[in-house]
Amino acid sequence: MSQDEGRYWLDRPENVAKLYRGLWIVGVLLVLADLVVHRHAEAGFDGGFGFYGVYGFVACVALVLAAKLLRRAVMRPEDYYDR
Amino acid sequence: MKRLIVLRVVAKMLIPFMLLFALYVQFHGDFSPGGGFQAGVIGAAAIILYALIFGLPAARRLVPERLVETLLGAGVLLYGGVGLAGIALGGNYLDYFVLGRDPVSGQHRGIFWVEVGVALTVSAVMLEIFYLFAGRGHRFDE
Amino acid sequence: MIAELPAGLILVAAGLALPLLPRAARSPVAAAAPLLAFAQLLWIGPGYVLEKDAFGFTLQLVRTDRLSLAFGYIFTIAAFLNAIYAWRVREGIEPPAALVYAGTALAAVFAGDFLTLFIYWELSAVASALIVWAGGSARAYGAGMRYMAVQLGSGMLLAAGAALRYAEAGSLAFEHVGLGSPGGALLFLAFGIKCAFPLLHNWLQDAYPEASATGTVVLSAFTTKLSIYALARGFAGTEMLIWIGAAMTAFPIFYAVIENDLRRVLAYSLNNQLGFMVVGIGLGTDMGLNGAVAHAFAHILYKALLFMSMGAVLLRAGTVKGTELGGLYKSMPLTAGLCMVGAASISAFPLFSAFVSKSMVLVSAAEQGYTFIWLVLVFASAGVFHHSGIKVPFFAFFAHDSGIRCKEAPAHMLVAMALTALLCVGIGVFPGALYAILPMPVDYVPYTASHVLAQLQLLVFSGLAFSWLKRRGIYPPEMRSVNLDADWFYRRLGLRMARALAALLQRLFDAGREASRQLGEAGAALLERLHGSEGVLARTWSTGGMALWAAILLAAYLLLYYADKVDRGFIFLLILPFLIGALGLWADSRRRDDD
Amino acid sequence: MSAEQLPALVVVAPLVAAPVALLARRALPAWMVATAACGFSFVAALALAVQVTSGGAVSYALGSWPPPWGIEYRVDVLSAFVLVLVSGVATVVAPFAWASASAELERERLYLFYALYCLCVAGLLGMTATGDAFNLFVFMEIASLSSYVLIALGRDRRALLSAYQYLVLGTIGATFYVIGIGLLYLMTGTLNMADMAARLSDISSTRPVLAALAFITVGVSLKLALFPLHLWLPNAYTYAPSAVTAFLAATGTKVSVYVLLRFYFGVFGTRIVLEELPMSQILLALSVVAIVTASLVALWQADLKRLLAYSSIAQIGYITLGISMASREGLTAAVVHLFNHGITKGALFLLVGGVALRAGHAGFDRLQGLARTMPLTSLGIVIAGLSLIGTPGTAGFVSKWYLVLGAIEAGRWWLAAFIVATSLIAVAYIWRFVEAAYLAPLGGATPRAGEAPAAMLVPAWILVAASVWFGFDTSYSVQGAARAAALLLQ
């Protein structure tokens, strides 16, 4: 592994951070595009500014948090059924 | 029992009459109660009496098992044959009407032969059963 | 001549012939058979019917229309891609089983009546169970057993439902059924099991990840889509399906987030994708149905692509556990890239296949006024990107470097994946081709600025949520674990209850025997006679005992006949001795086991 | 000999062949006579079946005495159906018996075996063809007595005891039957069944008639091994010579079912038997218990022949279950299952007979890895086993299908579920064979002499093929059964 060190661009944390920041910029741009592009609503309220961005973000955070709770309830050792 | 002279003499006298009576019952079956079944039983009883008095080997010499078996088959065959003769002569199975020139003689003939078949079969079966049981285990007369 | 043959039977015949062929010829035949079947489908087109008299019925062995043809096309395509992917697998039960499985599923799609459907339904269940078993491990054996039991159970329900249906409607024709009758309900349940409805779903996550690298790809394509077809045919517009489907889209994704086995993650997301189709069928509108069929079509391809890439990882790295993988993009860059095409497709990125199919279901739900359902579906869309689009490629190919260095996937696998990826992108770029074969006329335009923008926002912010949670350390780490699911009820609870019941009965019988021992000489002797050296009902009875039964029965009949009015309680009294006898038999066999 | 004579000839041929075989005294001519007679009966039965299907029931006055004074032979769709089954199985088993009985019996007494075989066939055919209740009793005795002896010929010592028990119970059954007939004669003054039915319609609820019904029901139930009167069957089937087991399992109990159907529907009438009396509930309860217990007992048997014997009891339960429904579907199911189970079980016992020939008996210890040494036999057992389970594409499926339909028709959902569920027990016991023959390694006790001789294998496979054939082509079996059911319900 050590000989690979540095050979790959993604192995460097600062590059990952760059990607992360870039993604935020894209996101913000997309939301701002709402001002330019008219998004017609499908369900009535989804035409609002940045609806999909907010919904996607909140939904995913909620999903992960709920899954963490779920894990407490259902997680068992790997050989659970074999015992 | 061979030594009991009274029994031997009486049996010797009785057995021919029993056989004769069997024949009487057989042939009188058309007119009065009787027929092949009863005749067969009486005939077989005569042989069985013989076996009881004179011993199984003697009876076996008189009426060998082979003969019994043949009679058994022949009796059934005779019965079945009469039935088939009815078909062959254009009637139904066991149709006696067609066996003679007129229905009455046809009936007569048909019943006669069928009863002979029955008598043969019944007496043979009686004897067969007797032989089988008597031949099993210890010989009671020897 | 070949037009006379149901298309599926071409595959079945090829599958059965496969073991007899020389090894070199097997893979080409396995690839050629689906092509031949595909050509035959194109040739016969819609409106073809092949009937045959059997069982006293007129069976429709083949009935083509636009709905069945759409599934027929994608099934043959999938079978072809599978054959390429599994080019090197020439030995064992898997290649013939895969062809027979695909063939029976294909034939089932064209079944015009329930009896024919039932026969192929069961055959495909057996063939697919063989594929699970071909996984080879002890776990695969157990999972295959459970899988088989569930699938055959579905078949039993189908048979029972068909029989009821015949009694109700006087016809076995496989047309719209609806939920209004007991027969319909049983059929619904039969299809539902195979479609992995919530709480009936676990056979899927249980069995698919236990098959071999190639086997899982085959499995993912046919079983559930066959049931989607059956639901579309029999239960279009059944409102309950909308709610079931919405639940199906939502709840598997929670499990997918915490699952470690990446092929099992994909199995959960397979379940979630089926939910979209089920909603579309439940809506029953032209667009909803079109959406369901289009999504099934697209889904088979990208799901196969994802399973193929994970299969390649399994083949080269020897595992698909999230905990053990990472950094594989360095060793398998092509596989990583193709996997990401699949991920983009399932996540419905613009220019990828699901973008043009899934949205039809969403729009349709919104149009029908199912706002809540629509919200759930959007949530599930974000979620699916989250776990299938990001999690699977991320943990396999990126994340922290696991240090695994291996070879790139073999060429035939790459070819299969590339072809599949090409089709995914092709559908995304030229949706008109897909729309042309849908059952209803389509007037839907996927590429509007509004739709593209909304979808991009959703996806990018889902991705942002993932990276934000990950960087914050909130994201649940991958752990080696088993997550309890509905299968717990039969794998654990059922087993325990059966054991507890057996123990309880044992104790009861022990107590009974103990009590009887104290009943005194006469009673004990009687009991001893009842429990002879063999079971009461199995042993040879004394002749007198047999005759006694005859006398008892005669007496019972006479009593019954002479009683003016006989209530049923009396009859049960009559049966009671037999029941006691049966229990005695059981107890006796237990006792002998103990000795 | 024109076609009108067929109802008599079908019975007479084996009846006359029996003494001829006896007189022949040699195995080979005796066997040839027996086979020829069975074959003749089969052809005659087929011709009769064609005749009654197109032209309705045939009445034949024995000795040209018109019924009801003379004995009438009456062949309708139902009896023609059973005649075809009995004579067909007899014909197929005959060549099998040449190889199997030669190996199992002393050579010098072999001709007796064939004579008795003919008698048994004649008795069963006579029971089916006759329209006279007492004549039926006579043929019942002919068939029973010959089958007792045939069973006693088995080479296992226990065969004698089994035959003796069968004799005692069979005689009780026959006696009950004849008591019932006596009561009916007392009340109606006739022995002709059709005549009896007509005269019974006014007095059907009187006590002597009800007593007659009870006696006949129990008597015939003994003969058809209805639970709990089945106890003679497992041993009799297990220890009898293979050919006898196969023949009796395929036909013996089936003819008794036929007699039950005749009396319930033809003589007493549906109204009294199934509507006024709780007969259908009792029959239903007994059938259900029979299916469950016999299937479960079969599951634990250590001998394949005995396992199949218990499975027969369960299958008879399915037939009586169909009768208890007393509906068109139910009766169709009963009659078609009577036929399908006959050929399926016949096939199984013939194949097991082949195993027994090579291995001495068919205990499961002899079956380990059998598929390697006797592949055709094992495959046949599996295929016929599938039919026993009721897998689609086999004859067994057709009957189960109609049974389920009948249950649904009657609105008894639980019964339909029950029928499907109990098939799973059949899966389990057939699986035991598959496990032993295919999955287990070759056992030390497994016969290594190769396949059974062709004379045994070919008849067995004819029946195996038939049990698949009638799973696809149901035009004869189901249509015949449906016609018979319609006839019974008239």
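Quick notes on this one:
Should a chain be cited, it is by its letter among A, B, C and D, assigned in written order, with residues numbered from 1 in that chain.
Rule of thumb we're sticking to: a contact is a pair of C-beta atoms (placed from the backbone, for glycine too) under 8 Å apart; a residue touches a chain by one contact, two chains touch by 3 or more.
Being a predicted model, the structure only gives us computed values, none of them experimental.
For the interfaces A-C and B-D, the C-beta contact count is higher for A-C. Taking each chain's centre as the mean of its CA atoms, A is the chain most distant from subunit B. For the pair subunit B and subunit C, the distance between C-alpha centroids works out to 77 Å. Taking the mean of the C-alpha atoms as each chain's centre, subunit A and subunit C sit 30 Å apart. Mean C-alpha positions place subunit B and subunit D at a centre distance of 35 Å. Subunit A and subunit B have CA centres that are 107 Å apart.
Annotation, chain-chain contacts: A-C, B-D, C-D (touch as defined at the top). Only residues 69-70, 72-77, 80-81, 83-84, 86-88, 91-97 of subunit B touch subunit D when the two sit together in their complex.
Residues of subunit D touching subunit B in their complex: 1, 5, 8-9, 12, 15-16, 18-20, 22-23, 25, 60-64, 115.
Against subunit D, in their complex, subunit C makes its touches with residues 53-56, 115, 118-119, 122, 156, 159-160, 163-164, 166-167, 182, 535, 537-538, 540-541, 543, 545-547, 549-550, 553-554, 557-558, 560-562, 566, 568, 571-572, 574-575, 578-579, 581-582, 585, 589. Subunit A contributes residues 1, 4, 8, 10-11, 20, 23-24, 26-27, 30-31, 33-34, 37-40, 42-44, 46, 50-57, 59-61, 63-68, 70-71, 73-81 to its touches with subunit C in the complex. Partner subunit C is touched in their complex by these residues of subunit D: 161, 164-165, 168-169, 172-173, 176, 207, 210-211, 213-215, 217-218, 221-222, 227-229, 231-232, 234-235, 277-278, 281-282, 285, 289, 292-293, 296-297, 300-301, 310, 392-393, 397-398, 401, 404-405, 408-409, 413, 416-417, 420, 471-475, 478-479.
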